[in-house]
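Chain nomenclature is as follows: A, B, C and D, assigned in order of appearance, with residue numbering initiated at 1 for each chain independently.
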Amino acid sequence: MLSLPANWAFRGGVRCWRHRAVLRGALKAPDVNGVCRYSTPIRGGVAGMEDILARVVAPLPTYETRDKYPPPPESNSLEFMHFYAGLEKEEKLGFLTKLSHDFGVDHKGISELALRLLDAQLRDLATILQVEDRLRYGLTPRYKQLLNHISRVEGGVKFLVDLRADVLEMISSKASETPQIRDLNGTLKSLLSEWFSVGLLRLERITWQSPCDILQRISQYEAVHPVRNWTDLKRRVGPYRRCYAFTHAAMPGEPLVVLHVALTEDISDNIQSIVREFATLDSEEDVNKINAAIFYSISSTQAGLQGVELGNYLIKRVVRELQSEFPHMAQFSSLSPIPGFSSWLQGLLGQCKKEGRGSDLLSEQEWEQVEQAVDSAPGPAAIEALRKLIATGEWTRSERLTRVLEPVLMRLCAWYLYGEKRRGYALNPVANFHLQNGATMWRLNWSADTSPRGVANSCGIMVNYRYFLNETSKNSALYLQNKVISASEQLVGLVSQFQKSSKL
Amino acid sequence: MLSLPANWAFRGGVRCWRHRAVLRGALKAPDVNGVCRYSTPIRGGVAGMEDILARVVAPLPTYETRDKYPPPPESNSLEFMHFYAGLEKEEKLGFLTKLSHDFGVDHKGISELALRLLDAQLRDLATILQVEDRLRYGLTPRYKQLLNHISRVEGGVKFLVDLRADVLEMISSKASETPQIRDLNGTLKSLLSEWFSVGLLRLERITWQSPCDILQRISQYEAVHPVRNWTDLKRRVGPYRRCYAFTHAAMPGEPLVVLHVALTEDISDNIQSIVREFATLDSEEDVNKINAAIFYSISSTQAGLQGVELGNYLIKRVVRELQSEFPHMAQFSSLSPIPGFSSWLQGLLGQCKKEGRGSDLLSEQEWEQVEQAVDSAPGPAAIEALRKLIATGEWTRSERLTRVLEPVLMRLCAWYLYGEKRRGYALNPVANFHLQNGATMWRLNWSADTSPRGVANSCGIMVNYRYFLNETSKNSALYLQNKVISASEQLVGLVSQFQKSSKL
Amino acid sequence: MLSLPANWAFRGGVRCWRHRAVLRGALKAPDVNGVCRYSTPIRGGVAGMEDILARVVAPLPTYETRDKYPPPPESNSLEFMHFYAGLEKEEKLGFLTKLSHDFGVDHKGISELALRLLDAQLRDLATILQVEDRLRYGLTPRYKQLLNHISRVEGGVKFLVDLRADVLEMISSKASETPQIRDLNGTLKSLLSEWFSVGLLRLERITWQSPCDILQRISQYEAVHPVRNWTDLKRRVGPYRRCYAFTHAAMPGEPLVVLHVALTEDISDNIQSIVREFATLDSEEDVNKINAAIFYSISSTQAGLQGVELGNYLIKRVVRELQSEFPHMAQFSSLSPIPGFSSWLQGLLGQCKKEGRGSDLLSEQEWEQVEQAVDSAPGPAAIEALRKLIATGEWTRSERLTRVLEPVLMRLCAWYLYGEKRRGYALNPVANFHLQNGATMWRLNWSADTSPRGVANSCGIMVNYRYFLNETSKNSALYLQNKVISASEQLVGLVSQFQKSSKL
Amino acid sequence: MLSLPANWAFRGGVRCWRHRAVLRGALKAPDVNGVCRYSTPIRGGVAGMEDILARVVAPLPTYETRDKYPPPPESNSLEFMHFYAGLEKEEKLGFLTKLSHDFGVDHKGISELALRLLDAQLRDLATILQVEDRLRYGLTPRYKQLLNHISRVEGGVKFLVDLRADVLEMISSKASETPQIRDLNGTLKSLLSEWFSVGLLRLERITWQSPCDILQRISQYEAVHPVRNWTDLKRRVGPYRRCYAFTHAAMPGEPLVVLHVALTEDISDNIQSIVREFATLDSEEDVNKINAAIFYSISSTQAGLQGVELGNYLIKRVVRELQSEFPHMAQFSSLSPIPGFSSWLQGLLGQCKKEGRGSDLLSEQEWEQVEQAVDSAPGPAAIEALRKLIATGEWTRSERLTRVLEPVLMRLCAWYLYGEKRRGYALNPVANFHLQNGATMWRLNWSADTSPRGVANSCGIMVNYRYFLNETSKNSALYLQNKVISASEQLVGLVSQFQKSSKL
């Protein structure tokens, strides 16, 4: 039985209803002027796949006739979309593999063009340019045309976003990754990048007057500090808060990336003061108390838009929006979680215990304090005790332990953020995001997220990535090109404390 | 003194005003966080051009680091836009030439990649795919990045549309055409095609309730049957009329392509009944009298979007819109002008006179009637007399002549539309447009446009291109690929009448 | 300390903020062109009241100069509103009493006019008409002008709606009722009736795309079948449901009366099938399954608009709306609760027990069945047992009892609805509302609301008031003028069953 | 044959169409649930009138049953509206006369109540209040209910506005004026005043982005300085201009009163600088050059809203709007025409000539200069010459005459505005309007409107009524109650110059 994916909605009146009827029943193929003709049976295993692909993925016209081809009937796109939507996960995998392998670039043609290009080198530039253009055209995968046509039917862009999410999953699962699948991903990404270019995005401020539908989505998408209920949500769009999203004409009502901002007197060092405690919902903003904008949550909502830069642009647009609303506002900063710190730390403690290198992490004196506090023997036993305390979050219940561990965890965390790398860039993904944007790693905040989640993830520590607007361009380039991290004195100080003690 | 082009509008509040102040005064360069920094002097002849291009057109990152480059500051794009806007026409020409010559593809790099690709043929497919991807990347002109960034600033897309209009003018003027300029045009066209993909366009119905601004533009853009005044305009959006346009999120308030439709009982054979005579403005539509939709005018408004398919899609969308409003509507047809017919005919007459081949065009009997009617000697004198009558439109004043000429002009016109070709496709651009869309050349209408303009252009003849919705796909493919024209019996009959007499 | 009432919102920009600052601080009185001048101290007990009333409630100009008075400065209205908002409940009572007593009609003037009118009887009609007009003018209470002016400032209409709610509360509490207060109420009601005339109301359909703010209000106002959570709310605006509200330009975003409709195949006999069980939220409506519109909840939201007819008009507008959406829809009916039935029944049982008239309610045989089922002695004990069962809802747990009681409760309920009167009209307020609108008491539904609330209120019985559109005008007039209730055969049958057994 | 009035538009879908069909054809009476039942024949002379009035103007319910009457079916209102719309002008007159005479107040009942009231004087206040309330109710004309119901159907409010325009015309024509018609007018005015209360009006700024429909109306309504073409109109909503209107929910898209404002550096002394000469249309506003707001045109559009204060409120709302847009703006003034000055002056000259009192107007020296300039004999001949010069506007062609006449015309004009009265208030209606609003007669401007119209109306003189925001309340009260005109030194000076010479 065929069913439409939940995320795939046709819009429009009578026509759409007809489509659906057809799609559901698959009984007959009404001919509404070429708009929706389906051949039955829609599904028929591998043979069906080949059939359908051969029919809907038209061959690339020759270079000479490339402008002489009419767009295929919309029904081609709809058939492809519908067929794909009806596949099981395994079948999708096979389908995409077949698509990418058999309907990509004509390698033989390309190598011939490469030869012609080398010949042409001896001749005039005009010839070179022409062969280059043929080459460029020839490097278009055959399926790219289809993807283009799909983008034109209703719901088509959203379909492709979700299709790419499937492709990315295939790639990340490794098993089904192939060079061709990577090519398909590259093609999809470049198409989506064009369509989701910033010039085509719309900034929307989300308020309590926004459609319920959007607010519910905002609530569902909020991954950083989950929205607990509608009152909580109302606060996040209420006074001293701003919530912005980018939307796109081809996916109306769907926020693509969402930024939550708190308007504060000073740069916040604590998330509970933002998402829990605050003046009554009905209070009015006092503009004199608004000096800083704290980005306390940014969420991308579309897996299929990975690598299509949106968050960075959203932050920049919002900064401008806020500057226009509050001309005197001068402080812009995130208050960010540090996912992965606790598990990194536990891995480290496990390793140190095994290798007997506990002194790399804590000084002798610190170990003594820990041992006393937990009544443990020194050495591996103490390391293990500490590991457990971290794992369970039990340490937060003891004031003494908390006092002992603060300097230790702070310098370890500073190192985790600043010193741990992946291909030369910050290992921590949130750090990497803000550093790419040109932010400065500005302040580590102790006891900043005391929720169970915050303690479990990062021992309650949070970090501010601050946006000095005059420096973001420079910082961004330095980080991306030279892997240089801009960091404050506090951060650098903590890191050097770590380095003194550690031999890591 | 610099001034902004009329068609280039910044939007937004304070920020934009600041920009403008800067742009106008060019006095100093305020640093609003990297948003608008200008070096002075902005203009400085060729040296200035080179400077600015070298600075704002960043080199293409290497393939490996292509994802490691932050977007350049928006000020780069603004600087480019502003600099260009300040140039005189001649300077623009030089500027675009320089841009396309010096900031295009790295030909040496490409030829090396071509070599590597040929080497790779001996190896595995994965290697081939990778070299192909490098090649694809390498074939990106350096300026393409800049164009992409420009599309992201406010007014950027419109700037690029207008830039392409300049490029097209250079190409059509031949003098300044170069292979590189053609490459630049190709790059612009492919970018614009992505951004103006149908999925991103919005269909708007224009009514008397639409903003005055839009109605004024609609009025200005109407090239087919010029709008005479606001009352005339009001009628064109009033009862028994529809006016639709595509707009685009990046160019709000700017209709890109406009379609005027008349709702009639039968397929119209006369344009004056549509644009002049009609029931009072305040009458209400009687749905029972609406059986046919007549597309009586379609205008593209943006020279820079030449070759970006919009009109075809607009007609299809409007058909669906009308079908949903009038479910029983079954007749869709254009009522189209035949620009060029009169001048083609005069050329023909001139040639026949020179070559003494008058009998190719009119039968002996017909010539006699003409000679009598105009009191002329036979032979060249008669041909010349006829030529003059056509040129001046004088023939319409004589009922007798009109009677004589009707069959003659009808069969000549049928041939002009059906038989005259350019590279195998219909010479007449309107015919070519509708045939590409899959319409059928359906009916030639005598005395269909009795305005001076109509008589001057096409001896008052107009033609219906009819859209049989079940056949447009097939017709379109046959025409584009096999150059086959779908035509009605009336048309084919007139053509064969012509062919019988003519030895052309 | 002064604080604004939660329901009193100023709108607009800078100006409002200034007002608020003034209102809060009451420190100084900025003179923004007469717009907001306050004398301090704002509050000062009874003396303050008299002062303020004397100042802001201008005397009625003489008849001759009535058009020669400029509107008072807006600050008068604002001062009154603010002063009132700052009062405690007791003070409000005193304030309104003073307002209505001292600033009403000039009785002496009126009696003089009455005399003049009697004199005039002897003279011409023109004189009579003129004295009548003077009388009409003279009967305007002095405070009416102020109320009129208040309606013109932002939030003024809402202020008056709430003021009337206070007045109504005073009247219903009896203690503070005076003829003058009743006059004030009458004046307010007639003003509000003008402003909330149907021509000035806007019908809004509420959907999941409506502002969250409105949906939250809808949720809060729903008194009939309380909304449990946002999912529940989403269903009530989802497929097969409609939710409509009247709003008013002077109170934007505030639904005044809300109607919930279910679209069903047949006239519903059960509320749980509407508010609990239903197809998935994402299902699409099948227009072929929609034959009936069930009004399952109607709520007025503004206490101060009591007696201003809105619900009746809303139902009529919605019927038209639905007819236009579903031209074939022919069944319109409420599915209504029967509040008060259980408590009426218990009162009745108590009385019967006391008076030993149990046989008035149940037949001998029925009493036997009850006695068996509850294992009780006959007579008062059985009555008491039954009363308790009803009070606790315990009877619903026994299938046997349920079977026994169904006919009993049904005929008692029919009588309660049809036979119990207050001043000749139906005692039950919901019945009275629908009968006034011209509906027919159509069907009593057993086991129609099995929620604890439904069982407690009306033994789970609900009733359909059906709207036969051709008859509502006639029914309405018959009911209002002659107190005739239109009822179906089922209802009439149940009533006569009751009457046979009962000697009530 | 019946036809709908142009200004009477039904809205909505199918239902309305049905109505119209019925109204047009008057063939049969479809029963769409009581919504539109018409008895035929609709028209039948006086008998028809009486029939229809008797049927649709329901009797006033008794005081006791006043809340027990359901609203009559909407068809009553529609029938009345339609019947009236189909009448010829003469018939309308008869119809309104009948309505106002036969369906007004029950005079007998009123005189009885007056008697009861006098009796009640001896008793308690409660009784008095009750009889007063009965009196108040009894003074409601029977037709008032119908008018109320009409306001509730679509287009009903507009119908009543136009009905009142007819009533006003009857009154001003005197012939058909009766005390009852004046009562009808009073009733309509008080109803309209409630519905068009400022709290229910919406301020709209009209721009070039506003619907064409509204801009066309704005253009048609502009009576002060007629809009010449659409370019002219575009300027009036372009940079340095503002155009505001009040609209009403019950008459959407219909501007009720329109205010045109120019934003200038100083208070303008010349209208051509506003409506003719100005910077290009595309220029941007320089906020630094905006110090003053000049109200250069205010037009009421609905004759039927005469006496319902709108213009005054519009000016006040616009002032606030401008203050919020330009916080530093401190100068608000009209630049007003002086209609009637020239004709008043000619009347005066005619009289002086007759009475030989030329020296009342011009000093001896001035007469001499005039005589020289026009080469005329002194005395009556000179007066007549001057009168002719004024009548033809010829004087403006002679620089010498212009120089001579400037002081003369200025002081005469000052007197005309300041000294000429009607019932104690300024004779000039524009002066009266602004003085009622509390403006100050601030500056007389020579050569301020050099258009033929300006010269013909007021010898090219215009006047600024300036709004000193702190004083408007006070000024308004002084003027309305004490007939005191607030005037500037310039004005007062000119007036006293006039008074010195004149013995008028």
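Quick notes on this structure:
We adopt the following convention: a contact is a pair of C-beta atoms (placed from the backbone, for glycine too) under 8 Å apart; a residue touches a chain by one contact, two chains touch by 3 or more.
Model, not experiment: these values are computed from the prediction.
Following the contact convention of this document, A, D is the list of chains adjacent to both subunit B and subunit C. Comparing the centres of all chains, each the average of its CA atoms, the largest separation from subunit D belongs to A. Rounded to a whole number, the gap between the C-alpha centres of subunit A and subunit B is 40 angstrom. Centres computed as Cα averages put subunit A at a distance of 51 Å from subunit C.
Rounded to whole angstrom, the centroid-to-centroid distance between subunit A and subunit D, based on C-alpha atoms, equals 62 Å.
Remark: the chains found to touch one another pair up as A-B, A-C, B-D, C-D. Residues of subunit A touching subunit B in their complex: 12-15, 31, 33-35, 65, 67-71, 73, 105, 107, 110-111, 114-115, 117-118, 121, 125-126, 128-130, 132-133, 135-136, 139, 148, 151-153, 156-157, 179-180, 182-183, 186, 191, 194-195, 197-200, 202, 249-250, 307, 309, 312-313, 319-320, 323-324, 327, 436, 438, 469-470, 472-473, 476-477, 480-481.
Residues of subunit C touching subunit A in their complex: 6, 17, 20, 208-213, 215-216, 230, 234, 253, 282, 284.
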